[in-house]
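There are two complexes below, and they share chain A, which is joined by chain B in the first and by chain C in the second.
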Partner chain A sequence: MSDTQWPRFYVFKQDTPQDVHLAVGTVHAPDAEMALLNARDVFVRRPECFSLWVARAAEVLVVTREQGEALSFQAAEDAGGGQQRFHIFLRREREVQHSFAGTIEAPSRVHALQKAMDVFSAEKPRVWWIVPEKAVTISDPLETASWVGSAKDKAYRQPSFYRAQTLMRKVREERSRKGGDS
Partner chain B sequence: MAERTVERDAAYAEKLAAFEERIARGDKIEPGDWMPEQYRRQLIRMISQHAHSEIIGMLPEGGWITKAPTIRRKLVLLAKVQDEAGHGEYLYHAAETLGATREEMIRQLLAGEAKYSNIFNYPTLTWADIGIIGYFVDGAAIMNQTMLSRCSYGPYARANIRISAEESFHMQQGKEMVILLSQGTPTQRSMVQDAVNRWWWPTLMMFGPHDANSPNSPALIGWGIKTKTNDELRQSFVNQLIPELHDLGLSVPDPDLYFDEESGNWRIGEIDWDEFWRVVKGDGPCNRERMRARQKAHEDGRWVREALEAYAERRAGEGAE
Partner chain C sequence: MKDQIRRALQDQLLAMADDEFLLSHRNSEWCGHAPILEEDIAFANLALDEMGHALIWYQLHSDLAGEDRETYPDELVYRREIAGFRNVLLVEQPNGDWAFSMLRQYLFDAAETVRLRALLESEYRPIAEAAEKIQREELYHLRHTSLWVERLGLGTEESNRRMQRALDEIWPLAHQMFQPLPEEALLVEAGLVPDAAEMKDAWIAIVQPHLEVSDLSIPGAGTIRPPAARDQHSEHLREILADLHSVARAYPMESW
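What follows is the complex of A and B.
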């Protein structure tokens, strides 16, 4: 491995238990354990993280709607009879983010894509992500809670912590009281 | 032969029309979509320069972490610089979706072949500079990034949305500092006025050359990469800052500044573009220092990368999951 081009891992973040996982970007790391730690450093500086997943990019299938349609016409070869689980992420037409839609069982990624295009057709996605469950490493919920706890303490990372607006108003009031000129 | 060329040209024209129609509709271009080579190249250039700027931007402020006057200010500065590292990561990722590699982008930066925002080639001479960087430089960056959050290329738009959400505290903490210093003791007031005098023009240059001298701009705007011109953004920034600075009793080093009643704009004097190009070409006050710091950081971190690799290989060899 060269020292600047480690494998890429896609990062998926679920902000609260009421949200779904969103694709937020990637990290480079030599292994999944380090990828989770890097993902924490890059994506969890603010206290919005209930669960973090990392998935080896090489094992994830990312296709646009057009690419997906082209792929699904190819004869998808049977991957040896075993059913695997695939997490499906998609980006709907007018949305900006890629979000988790559901989990599908299929013998291969392309089979999973075909199934997903059927199951989620009503969503009319522009982009499909097929993420094999075995490629995913998930954060330990106790650890994630401690990252968030630490981030919550750091109120100075929020703009509301600063008094610029109040101070500016006071300065302006003082100036007009004194009848100040510019 | 000629027939095939005509067919190819027609196929290309069709693809280009569909691509431009998609942008006009407000749809995002995503990795895997067809795109003109010029679009891809322009974006790789812009995004990688933006990423390098975040990483190099950690240096002028990083030097003051050990010299912050209070523990509160130290924690705030640490958090800000940490964010900037994260922002660089978001942006390198966006460039990678276009086919750039992390390895090549880092190599270019360390070899001094890559450009990054000029503003970071200026020195931070006093503590007031830290406040001014937040207020001016992050303020200008926020305007640019807010615009780029609506960029036609999905990964770059998403990176800028994430950056913009985190960046607003950077500006607020700087502005708060500048307000307090400007209303403080005579020493504090003169320190912050001196910082204004040194950072005002470089900040205005952040918005890039005048529109008439920006050969890339029309294509970037046509393809939804930029939605405002350099001069438009610069004017917004000036209109926002000047009244605030005047209210704080601070002046800008521009004897030609005046308020144009008719347009409602503050008109600035001539920008010294010779200085801009000199600094861009590597002859600024801190260019060499920034490069040396980045190269040293890369070298000093080598043992960490080697250790991680050795650990990962050992675990893989042990057949661990």
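What follows is the complex of A and C.
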């Protein structure tokens, strides 16, 4: 079966240095470089953006708590190879967005999941995302500063700039003042 | 500021504003029709940015012309007759296919980047400040369209063929961007705007290597016709204005 879609990338946005990265959605793009640009266009509408990450969806392990528990029993005993770094995102009960919890070193995604389930058990997440660091492309900090600048100047790009209701009320008032309907 | 210089600077600002405005208008026509959703959004963003740039230049023009910068830009856009527009022919052209629009945008973005870099040094402070603001967005536009030109050029046989056809059509038109306006020499001498020939060289230094890397051949020098003057327009602009002006003319003085 052929897939004419471009590959998918998850997008993670960090609003300020005091915040953690949150998963905000996905974009399709031919490659990581364009994914970052697309992510900026799609998700950096309001001025708050300190850092943007994109990660190839195909390389991210996404499991529910139940699936995670089942998987962890099957994790291979002998992993061999070297350690890699994995960013752990999780979604807690009643939360809408997945947020960054920490970075774990492990030989594979499943091992990283196992460790994460141990390290972050107090969070009681419903869903785990295990994101290999090498699948992530990050925004240039100097550039992100320039995106924020331009978003701030462009209030007219936000729906809140357009006060249609007030305008319609004015139109109705004027019409009724002129007497009857037009 | 001497009258002659002020008028020449006004003309320069009007030309820059008209270019941005018409291109923004053309780009907005892709809304809902781009090949993929992300590009639909990206191109709409680009169009919005350019609309903002056009507004900035129209406002500076209004200031020099002694007009109210809150209302005069609307006058310029919605009530000026075709003979009064000072954009280059390139931005009037219909969008064509994605390759055409992307290549046009790329060549325009590169020219804008070069011009803005130079305008940062303008002796007229409002222009230097405006250039600083606009340049941040232009760099992003140029990055976006550069990546596209490369991917389309190196993509498939079809994408390369369409890009080459676009380049063959657009290249002769692009040179009009560097045609000096009447009286421009005065402005260059006063350090208000950069020299057009120097800007063209800088532009070629950017686009030529990138086009070659993207497996596209630049048409030979023999294809360049002497550029038209900016007060000459095609039927395309007439069509755009007929559409653009229709609502404003049917309901003058309404606010939106």
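Convention: the second predicted complex is superposed on the first by the 147 of 182 C-alpha atoms of A that agree within 3 Å, B and C clash if a C-alpha of one lies under 4 Å from a C-alpha of the other, contacts with A are read in each partner's own complex, and residues count from 1 in each chain.
We take it that a contact is a pair of C-beta atoms (placed from the backbone, for glycine too) under 8 Å apart; a residue touches a chain by one contact, two chains touch by 3 or more.
This is a predicted model, so every value here is computed, not measured.
J.: Does chain B (first) or chain C (second) touch A:Leu37, or do both, or does neither?
T.: A:Leu37 contacts chain C only, not chain B.
J.: May I ask you to decide whether A:Lys124 touches chain B, chain C, both, or neither, giving the answer as first, second, both or neither?
T.: Neither chain B nor chain C is touched by A:Lys124.
J.: Please indicate which partner A:Ser146 is in contact with in the superposed arrangement: first for chain B, second for chain C, both, or neither.
T.: In the superposition, A:Ser146 touches chain C alone.
J.: Per the contact definition in the header, classify A:Val27: touching chain B only (first), chain C only (second), both, or neither.
T.: In the superposed model, A:Val27 contacts both chain B and chain C.
J.: Scan A:Met168 for contacts with chain B and chain C and give back first, second, both or neither.
T.: Touch status of A:Met168: first partner only.
J.: Contacts for A:Thr64 in the overlay, against chain B (first) and chain C (second): which applies, first, second, both or neither?
T.: The answer is first: A:Thr64 touches chain B but not chain C.
J.: Which chain A residues are contacted by chain C in one complex and by chain B in the other?
T.: Shared contact residues on chain A: 27-30, 34, 41-42, 154, 156-157, 167.
J.: Which residues, counting only chain B, touch chain A once they are in their complex?
T.: Listed in rising order, the residues are 27-28, 30-33, 72, 75-76, 79, 82-83, 86, 89-90, 93-94, 96, 101-103, 106-107, 154, 157-159, 161-162, 166, 168-169, 171-173, 175-176, 179-180, 183, 244, 246-248, 302, 305-306, 308-309, 311-313, 315-316.
J.: Within their complex, state which residues of chain A touch chain C.
T.: 6, 27-30, 33-34, 37-38, 40-42, 143, 146-147, 149-150, 153-154, 156-157, 167
J.: Could you please specify the touching residues of chain A with respect to chain B in the complex?
T.: Residues of chain A touching chain B: 1-5, 8, 24-31, 34, 41-43, 45-46, 62-64, 66-67, 91, 93, 96-97, 126-127, 154, 156-159, 161-164, 167-168, 171-172, 175, 182.
J.: Under the definition above, what is the set of chain C residues touching chain A in their complex?
T.: For this pair, the touching residues of chain C are 36-39, 41-42, 45, 48-49, 52, 133, 136-137, 139-140, 143-144, 147, 151, 255.
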